[in-house]
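In what follows, structures are represented as structure tokens.
In the two complexes that follow, subunit A is the common piece, with subunit B as its partner first and subunit C second.
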Partner chain A sequence: MATNRVQQWATFARTWWIYDAKWQCPRQSAPVLIKYLQGKHKPIYHPNSDIGDHVVVINTKHIAMEGEYWRTWKFSHHTGYPGGFSQTRAYDAHDADPTMVMKKFVYSSMKGTLFRRLCMQRLHLFPEEELPEDILRNVSSQIQQVMPVPKRLDEFSAEERKAFPQLFEWPKDYIMETGQKKSTEES
Partner chain B sequence: MVFLSLPLFSRSKRLVMGSNRFYKIQQMLRFTWHYRHRGRNCYSIGIRNMRRALRYSTMWRKLKKIQQTELFNQRLEAAANEHNMNRVPFMEGLARSQIQLDRKVLTDLAIYEPRTFQSLTDVSKKRLSEEGMSGMMQIMPRKDVITQQSLRKWSAYYKARK
Partner chain C sequence: MPSRVTPSSYLRNVLQNGVGRYVCQLQRVTLSFCKSTNPSRGARDFIENHLLEFTRNNPGVVIYLDPKRHHSPKLCVEYLNGRTETMSIDRYPAEDICQWLDHFRTRSGVQINRLRKNWHTDTPSIQGTWTPATNRPTSWNVTEFPCQEISRRLPDKETATERILSAAKALREGSPTNAAIGKETEL
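After this line comes the complex of A and B, so read on.
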């Protein structure tokens, strides 16, 4: 058949996926991303064949870590020389390079085979929403986010907040201790 | 000594000294002629290499099947995910609709005949929903898929009308 040749091109072509990392946990996103980087989402997958896709991750600056992990999660490094061991906290690494935390999690969640470096070359990380034109042109599919993005209270308009159903009203003489600083207008 | 045949006569130790060792080495070389270094020439090294190779081949006779099954599972998971299904419910739906295809045939279909595989997922989805297991799927099945159970239901319905 004349179309078999073209079908084969289409089968082995590399797709470009985009992933919006806004308010997403990097620990939970990494196993999803490596599935596409290694080609495990294709029925022709084989561990020895290099058939992974490209993944473009945007908004890596706005990722969300669970619990206390910004403070307690540490990335270890050893230079190879005596006394060359060092550890960096996640927030320090994030300050130095906003794409670093995502990159480290994706790298460490892959098996240490020779294909790991090749897969990492196909991962394109961007701290904000802006993308270069030549990369954006290739993108054809989107990876579903691992967690829903909640809407913050200050993103709702005043009308929406007013229309929200209220079960009861606080008594006027009830003093609420929120633990927050009082604004200057009240004092 | 009585030699009933010519080959036995020729192998007799008394006639040709050391001939037994010669045949032993020949038997080893049948396994080790393609090895590298001294394993192909020296008997004491070659026999060790040969025994290790035989041990590995015994071990891998079992491991090969396990690896192959893992690869089939991986591919089927990917193929089923393309149609919003997971592998386990998909296989369950096929088994319940009496479609006796194994993992190898299903992966071959997924690679070389994707439309056939898609219709298999449709049948599986329909069957699962009939069994009340549609919670295992992410989307509802197509309505134009006919299974054995729906045929039986219709025939019972038309018989009752008559």
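After this line comes the complex of A and C, so read on.
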């Protein structure tokens, strides 16, 4: 009888997962994270039982949004009073709180059931890589990132850059296009 | 839990010996309706055409008719065990009211509950119950989190940079057979 009781504790124990959000898209990361928050990765999952795990997300300040979404994605809010509607662009929200964009995407990708607030309480967001000691001590598993992180040019060594094959030579009188928009002050 | 959910309970035994003669548990029916408005039309139709037949067949059931001006029609039934149930028959045709009244007449008056069952098996799993440690890589027991190797997602296909580097390597070694990009640069 006593072993049954301990078996129950072992089966329903909550695991702490860590997720590195560096250069990861929050829109694609959210459905991966909510799977762990709601406990859908467990074979004992049932929608009426609260068996989700804890997820610690680090580097939320260094997330990457697709395309023009930093500028075009807006978070809406209504205070409830007349004229209380406001919209914030993603980069503004990210400036105000580096964990806010990730939190909003995870919250909105979950269904609005009574368990959503409980799941959000088990999501721990940190803007940088540093974690409090008491949280890091709990972490025992890691979630794989959703997209590969490319290597930046300054991360290659000088030898590697020198050894990279030159495919063609630029003409002497070629004017390089930087790809940036021309400033309106000139015109 | 929201109050609209059907209440749940475990199956219980009736604490009486044997089964006695049949006693109709429905004692009293109050049909409130409006004499003029349209939602009560089916109720008025029922009173004109079907009510007397019902009273003739069920002499043990008292029926009160309660005209209320401009109210939606309601059916209020009282049982021998003291419970009362109210049901709106707004815009119901007379045939539906007949069927619902028959449903209330044949019921025992006990509240309808969702039955709950304890999980039990006579043949427990030989593998053992699932725990979070089941099917988890054992190398994670000695890994320090966050771990770059577990977190990183590798690109699905060969990247363009890797293709150029491999083509250049093949060119330098003098076997440009598999270097498609190398051929173009030669021309």
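What to note about this one:
What we mean here is this: the second predicted complex is superposed on the first by the 160 of 187 C-alpha atoms of A that agree within 3 Å, B and C clash if a C-alpha of one lies under 4 Å from a C-alpha of the other, contacts with A are read in each partner's own complex, and residues count from 1 in each chain.
Methods note: contacts are C-beta pairs under 8 Å (C-beta built on N, C-alpha and C of every residue); 3 or more make two chains touch, one makes a residue touch a chain.
This is a predicted model, so every value here is computed, not measured.
With both complexes brought onto subunit A, simultaneous placement of subunit B and subunit C is prevented by a clash. After overlaying the two complexes on the shared chain, residue contacts for A:T15 are found with subunit C alone; subunit B is out of touch.
Looking at the shared chain after the overlay, A:I175 reaches neither subunit B nor subunit C.
In the superposed three-chain model, the partner touching more residues of subunit A is C, compared with the other of subunit B and subunit C. Shared-chain residue A:L153: touches no atom of subunit B or subunit C.
In the superposition on chain A, A:A96 makes contact with neither subunit B nor subunit C. Of the two partner chains placed by superposition, only subunit B is touched by A:H46; subunit C is not. Here subunit C runs into subunit B after the superposition, and of 43-51, 97-105, 133-141 or 151-159 the stretch doing so is 97-105. When both complexes are aligned on chain A by C-alpha atoms, subunit A residues 42-44 touch subunit B in the first and subunit C in the second.
Here subunit A touches subunit C in the complex through residues 7, 10-11, 13, 15, 18-20, 42-44, 58, 129, 136, 139-149, 164-165, 167-168, going by the rule given at the top. Across the complex, subunit A is touched by residues 129-133, 136, 140, 145-147, 150-155, 164-165, 167-168, 171, 181, 185 of subunit C.
Only residues 71, 74-79, 81-82, 107, 110-111, 114 of subunit B touch subunit A when the two sit together in their complex. Residue ranges of subunit A in contact with subunit B, taken from their complex: 40-47.
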